[in-house]
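Should a chain be cited, it is by its letter among A, B, C, D, E and F, assigned in written order, with residues numbered from 1 in that chain.
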Amino acid sequence: MNKALLPMPIHTAVLLLTWLLLNDFSIGHLLLGSLLAVLIPWLVAPLSDPQAPVRKPGKALVYALIVLWDILRSNIEVAILVMRPNRSLRPALLALPLDIQGDLPQALLASTISLTPGTVSMDFSEDRRWLYIHALHVTDEQALLRSIKERYEAPLKEIFAC
Amino acid sequence: MFQHVVILPILLPLLAGALMVIPAVSRNMVLQRRLGTVASVLAVVLAVWLLVLVDHNGTQAYAVGEWKPPFGILLVADRLATLLLLLTSVLLLAVQLFASAGEDERGRFFQPLLMFQVMGIQGAFLTGDIFNLFVFFEVLLIASYALLIHGGGKAKTAASLHYVILNLAGSALFLFALGILYGTFGTLNMADMQANAALIQNDDLYLAKVGALLLLVVFGLKAAMLPLHFWLPKAYAAAPAPVAALFAIMTKIGIYSLWRVHSAIFGEHAGALANVALPWLWPMAWLTLALGVVAVLASQSLRALAANLVIVSVGSLLLMVANPAQSTTAAGLYYLVHSTLATALIFLIAGLIMGQRGKSEDRFVRGRPLAHPRLLGGLFFIAALALIGMPPFSGFIGKALMLSAALDEGVAGWIWPPLLLSSLAALLVLSRAGSSIFWRSRGRAVPVTIDTRQLAGIGVLLVALVLMVVLAGWLTAFTDRAAADLLAGMQLVLPEGR
Amino acid sequence: MEFAYALGVGFLTGAGVFLMLRGRTFPVILGLTLLSYAVNLFLFASGRLTINAAPILGTASEYTDPLPQALVLTAIVIGFAMTAFVLILAMRARADLGNDHVDGHLPPAQLSARAEQRRERREHS
Amino acid sequence: MTLLWILLLPMMGIVTPLLTERYGRNVCAAMTALPPAIALMLLLQQAPVVMSGQVPSLHAEWIPALGLNLALHLDGLAWLFCLLILGIGLLVILYARYYLSDRDSMGQFYASLILFMTAMLGVVLSANLLQLWLFWELTSISSFLLISFWSWRTDARKGARMALAVTGAGGLALLGALILIGHEVGSFDLATVLASGDLLRQSELYPVILALFLLGAFTKSAQFPFHFWLPHAMAAPTPVSSYLHSATMVKAGVFLLARFYPVLAGTDLWFVVVSLTGMATLLVGAYTALFKHDLKGLLAYSTVSHLGLITLLLGLGTALAPVAAVFHIINHAVFKASLFMAAGIIDHESGSRDMRKLNGLWQFMPVTATLAMVAASSMAGVPLLNGFLSKEMMFAETLEQYTFGALSWWVPLLATIGATFSVAYSLRFMHDVFFNGQPIDLPKTPHEPPRYMRVPVEILVVLCLLVGMFPDLMVGTLLKTAAGAVLQAPVPEFELGVWHGFNLPLLMSMLAVSGGVAIYVNRRFLFQFQSQFAERDAKLVFEASVQSLVRKAGQLHHLIDNGSMQRAMFLMLLLALVLMAWPLMDLLNTAGGRPELALNWGVVFCTALLIAGTLLTIWWSHQRLWALLALSIVGLVVSVAFAWFSAPDLALTQLSVEVVTVLLFLLALFFLPRHGPIMDGPLRIMMRDLGVSVLFGSVVGTICYALLTRPLDSISGYFLEHSKTGGGGTNVVNVILVDFRGFDTLGEITVLGIAALGIYKLLARMTLAMPSADDDGRAWARERHPALLALVSQSLLPLALLVSAYIFLRGHNMPGGGFIAGLITAIALIQQYVAHGVVWMKQRMPLSYEALIASGLLIALTAGLGSWLFGHNFLKTWYDYFYLPGVGKFELASAMVFDLGVYLTVIGATLLILANLGKLTTSERIRTGDE
Amino acid sequence: MTLYEWFIAALLVIGGLFTLIGALGMVKLPDLYTRLHAPTKATTMGIGCILLASMLMRLDRNEGFGIQELVISLFLFITAPVSAYMIAKAAMHLRVPLQPGSDPHRLLEKARDQQPPQ
Amino acid sequence: MLNTLLLWVAGVVGLALVLNAWRLVRGPSVTDRVLALDTMYINVIAMIILLGIYFDTSLYFEAALLIAMLGFVSTAAVSKYLLRGDIIE
């Protein structure tokens, strides 16, 4: 694949897909979408920092599904938590030691943590080795940290191979 | 190609302005100035052409986008509009030349802003659509905001803060008025509105009245009608000389709009809406003139004086607007042209004087002697005569026309005393000003050169003032026709039904 | 529903007017912004209120009056440009004049109050 | 044509002195004198014609609308005045050649002098009222220049200004009078006016006309009580005094009285006012003159007195009075001009004009003394001199009149008293200056003047003698013609003789002479008597009153405009409120006939939210960030309202504008104070403002409700109908924007572009203190650009651009369009600025936003101009459908190009504003211009 | 009503419910950090369900292959965590207090002070 | 039937909006207000989507998309403001 012509192939694909999502499918839109999908990355390429490439797309898909399922599941749990009296809540601030490095993987991890109810990622430590997390209700903080590491960090590490 | 001449006065400055914003041009001062001069000369030529065309062939209309009125935007070049176009472009030429001597280097984008400002003014004069009038008002206002702060400095900032905020409130009121008018008339084309004005009935009548009266506030603000005039003295006194000179036309846009809207749309033919604004306009016009005279007497610097003289001229013009008749309108129109040119002239001269008197600037105090006392003195003398309304410059013709028109309308008892007293006050103060600035001096003159371009700019205005006298016969006849056109209404572009 | 709409417009206008009468630039600009919301809604109202009749041909059987919408759009854009300008102008005024009063200087009463505060602070420290 | 040349030659002569100044004084004077000399010859050439009773005239149209035309005529009166103006003018030119010192700018002096001459000629030659006024004012102006010729002298400046103010005011009154006359008569043509005397005298406006008219004439001719300016005009160089203030300009007033004599005179009002004024002036002038120690002061008051005499004559109403007036005009001009010149010589050669110092000059300048004494005798009315003759006629006429009924005998009595004083001051002039001991501390040793400086005096004195001895021969015909012109009727028979036998006038003359001598001899008592009155300097009084006027005006002005914007805003809004509320009083039913929509809970909630947001904005306006958040709610609800009421385009625009505005506010808030006072004024003001805003809001709300509930018949049907067929788009709003009313949009993007340029100017070199900590004194966070934000912003950018492309492309048919798309793009890029900073962006995207604005505007313009190529009007759009195999039908429209221009301008403008604003704290800030 | 419509209705109800729960949480929860969790409900379940309902609705009405709502979801899923992250960061910087009753973990102080004022 | 439900759901979302507004008013910290506003943006998206369903139109879809994007931008900007004062530096 020509780097000069298609500086960001994944983006191109996503953009084309998005275009087709936005518009009704037709040959015309396919052409127009392709044009835009080539043109826009070409325009914004200077504004993008290089990121760790996705090594295992298949795993990524699985990961996405897992996260979706977790969202569904934990939403209900948290909804119940929210409705309960405040005094029964045990919120806590946790620090998650990070094994993965790289902006993109870390960002994905942080986002995942925030999206799944019950936890919100709050900040990275300055050396980017810790992620501070706020949890709404913690009974066993080590278990929580461990589950995050296993359930999210490990697959991400695999996907990006870092 | 010839049919497009009507829209060219708007497009030409826009094109020139846009070209000047291109970085390659905007960083090349010489190119920018040449472009500006060419555009200005072209604007004058165009305006003359259009004027002759309109005078011979009658009102010219131009449907932008070829949508038939009242649906599309219609530009209407009648005699009134073309005369003001000519005035604007002459002013532009003078200001552009004057500023090219170095004022335009004291900050970026001066030349393009000048062009945009003129585009807005020309557009406001040409448009026959009330919302389009709003748009062009905004164009000329935003350009004037930007020009006002050109060169920087505390006084400019402070003055423009008032100017901008008050005008923004004015724009909001304009939109309220437009909402009401559209909500009652269902149309935006001025001719269409005029045709429908008499048909409005029942309760809608009162709503339409609200709209019309709100427009009085809006235009009164632009025209610096009392009690909406507070922005003017500071803004004019703080503006850079060429900008102040160009601003000489700003108040006249308000007057023009009053004529267009209140003398035409809500004029004689408007049935129950006829002359709604007059009972309000009349006392405010009188007060404007009276307090303008007070302000003139109180002025302590040349630019403040000139600014207050603007208020006086506005007061005089408003009195003419408040008595809509052919003679008053024609007289007002002549006087409008004259006072614009004379005010612009005095502002340019004040700019030169300021540059030569050290810290005394243009205040009426003893100061450093001028480097060019004879030249500037002579110029000042001429400008002062013109402003006071003394012969042989056009001021006296305008004044005499107004006096005589007031007499014809039977309102001389009200109009004559303030009009004559304002001249007297101007005479008193200008003679005081001149003798302070030119004759009371201390210390030694510091050599300052006057750029030929500055003189050229002033020369343009002088020539225009002289031409106004020499061609006064033709011009007064023209203003008479223009007034007749205006008061007869904008019938030519009546729509063929919905 | 018309009444609720008019009520909203009236409130916005009144609030805008009140803020525009303040002495500091920031509230004045807030007021201008509120007033321009009010103006936009008002101008929009000149085409009357209609529901589910967006003037996109082929999406409904009746269409609302499209012209005021176009006008409001223009007005919004112009209002934005003006707000931006006046906001920066307010900054500039603060930079040049040293305070954020619309007149470029604090009224005497507030000046003395401020001096009072300063003196008190000095006495405390 | 000759007539025109008489006027034109001097007019062209105005520049000759300026041009020839550099060639030396003689050349300059000679060249200056040339045009008037030729004009004089032309005038003399016309003499036979004029004397025969013909009136050469000339007429050309100039401003018919005003009734102002070029009209000249040369009747007897005009001829006489022309003769005086040109003749004495030439003598003055000669005289001034020697009078002016090397320091004085001769060219400037002569130019002003000739300007004055032209103006004066214009006044007398005019056959059109307005033209007459034109020249009339020119005389005031040129005299201002001449009086203030020595501009470094305070008295010259003040005297000049006073003269200008008084005569200028009179001029305005005269203009009023002339316009009224023209209005009554229906023409400004002098001949027509002169024939309409009865019409005018019977007019209702006659008193007004007369009052204004006399105001003009009296101020010019220094009549009591407007006489005070004349003595102070003596600050002028003496040639000016002798020319303007004796021979010509001050005569303009009496000329005017004479000119309009047939029209305005003949009523009791005229006679009473004019004669009384004349008499008062005569007496006051004569009396005051006696006490003046300044030579020129004495002459000035004497002039006042003589002008009074002429005025008196014109007000007497007897048959021969006007003839006497004309005669005295001539005589006074001759002797007074020579006297002034003589005074000038004395001043010039001795260095003083103070009669207390000037004594016994006879020994030093016998010739000059003789000349001066002859002229002074003429002034005193000594027989065999011209002054005697006209004075005799005056006495005779005072005896004839019956203006004041039984008290009419007062007139001759007072006239005699006046003449007595006139003799006394003339004597004083002669005796004090030329005899009466030795000079006291004169700056120079007096001696005779240069030969040619005396010539003008000699000529004039010889004229005094000649006229005095052979009056009929010298001026008989001239007087008759001139008087005929004044009366516009056959002149009654009169006899100009030196000797009329012993009669009452002669007795009065003798009384006057002997009385005068007696007064002069006993002057000490009078001087003592007079010295108890503090002399009031009119100049000081005038200055003080002007100063006080200015001060009062200043106070009043400050009272009205104290520079407070809040007041200005309040007055504006109050005016708007009143004007809006006024018609609403008549509106009987607020609700109209249109059926209202049903309310639902969503709307109620949203309205509540809107009102809450509004109130919060006010409530928090001192806590500025909070207020901003509250404002966002309002913006959000407004967008929802637009969406709800079928305006998706508006909702989109409002939203995007809203966000950009918030960003702007945030940027600005970094530099503005973050808190304001909770009460920013007295409670009274706050309550007042609250009241006005509540009223304003309720009025606007009422209007809004009234509009909403009324049916509307609008032009919009056309747009709906033609949007698809004519504009090629289904989104009618967008088609209106880019097509039906594309011109508005062009203006709108211009506004945006200009705003960006203006903001660029505002930001240039702005010096702002950058807060180093937030409100609580906490330092800013250290991490400038949080990595997570940076990363996500980056990855969203392509998506945002795609969305903007989507919105742009579908805009013609669905909600969207160039403006919204442009804002989205701009916001996406701004987000990059927020996430990465200015420097980073600058390195990676070296884009000139100005270029973007310019190209946007140019593209939009080109899109509009393109239609010219096809012979269509500006912005006439074009669209068509195309078929491509495999792709299908698609549409291309020129409006899209226009929209592209909009798109680019919006991006350029928004980024120029925001990015430069962001640059303020970085090294990239604008550092040039607009200090 | 068909089953399909029942399904849509259920989605709408769930969406509304979660939105409301999020809002209730906003009101009720004791401190900022706990409240930070509330909008996640609104974004994920609330909006998600409503968007899904909208999509299904449009499929039902045969308006073609219209699953544009996915783009909105995509946007929200990408941006919502970042918003929360930024707010939390700001809150820590501003030292917004934790709920007194909650468990102040030992790392809290360290977390707060990682960016000491200079 | 579905329409009635829609109105009810809209009412619920509206109520959520009002509750969020209450939080915005109450604060107590400025971050609470920002958070409330951010949530309000999201609720407005829900509202607009409901509107689209109610009117059976896709016209409002862009508005929702835009709010999603713009809400993020303004929240990020305000947070940046709180953190650094200067949002573009």
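The rule we apply is simple: a contact is a pair of C-beta atoms (placed from the backbone, for glycine too) under 8 Å apart; a residue touches a chain by one contact, two chains touch by 3 or more.
Given the structure is predicted, the values throughout are model-derived calculations rather than measurements.
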{"item": "Given chain A and chain F, the chains that contact each of them", "value": "D, E"}
{"item": "Per-chain Cα centre nearest the global Cα centre, belonging to chain", "value": "B"}
{"item": "Chain pair showing more contacts of the two, B-D and D-E", "value": "B-D"}
{"item": "Chain at maximum distance from chain B, centres defined as averaged CA atoms", "value": "A"}
{"item": "Longest centre-to-centre distance from chain D, chain (CA-based)", "value": "A"}
{"item": "Chain C and chain F, separation of their C-alpha mean positions in angstrom", "value": "22"}
{"item": "Whole-Å separation of chain centres (CA-atom averages), chain D against chain F", "value": "61"}
{"item": "Mean-CA-position distance for chain E and chain B (Å)", "value": "57"}
{"item": "Centroid distance [mean C-alpha coordinates] between chain E and chain C, Å", "value": "31"}
{"item": "Residues of chain B whose C-beta touches two or more other chains", "value": "131, 135, 138, 142, 145-146, 149, 152-153, 161-162, 165, 169, 176, 179-180, 182-183, 188"}
{"item": "Junction residues of chain D - those touching two or more other chains", "value": "563, 565, 569, 573, 600, 644, 648, 669, 700, 707, 712, 714-716, 719, 740-741, 744, 748, 751, 754-755, 758, 762, 781, 783, 786, 788-789, 792, 795-796, 799, 803, 814-815, 917"}
{"item": "Of all residues in chain F, the ones touching two or more other chains", "value": "15, 17, 30, 34, 59, 65, 69, 72, 76, 78, 80, 82-83"}
{"item": "Every chain pair in contact, whichever chains are involved", "value": "A-D, A-E, B-C, B-D, C-D, C-F, D-E, D-F, E-F"}
{"item": "Parts of chain E lying in touch with chain A, wherever the complex brings them together", "value": "18, 21, 24-25, 28-31, 33-34, 36-38, 40-41, 44-45, 64-68, 70-71, 74, 77-78, 80-82, 84-85, 88-89, 92, 98-99, 101-105, 107-108, 110-111, 114-115"}
{"item": "Partner chain E, residues of chain F touching it in the complex", "value": "1-2, 5-6, 8-9, 12-13, 15-17, 19-20, 22-23, 29-32, 34-36, 38-39, 42-43, 45-46, 49-50, 52-53, 56, 58, 61, 64-65, 68-69, 71-72, 75-76, 78-80, 82-83"}
{"item": "Footprint of chain F on chain E - complex, ascending", "value": "1, 5, 8-9, 12-13, 15-17, 19-20, 22-24, 26-27, 32, 35-36, 38-39, 42-43, 46-47, 50-51, 53-54, 57-58, 61, 63, 66, 68-69, 71-72, 75-76, 79-80, 82-83, 86-87, 89-91, 93-94, 96"}
{"item": "Chain A residues within the chain E interface of the complex", "value": "18, 21-22, 24-25, 71-72, 75, 78-79, 82-83, 86-87, 89-95, 110-115, 117-118, 120-123, 125-126, 132, 134, 136, 138, 141"}
{"item": "Residue ranges of chain F in contact with chain C within the complex", "value": "55, 57, 59"}
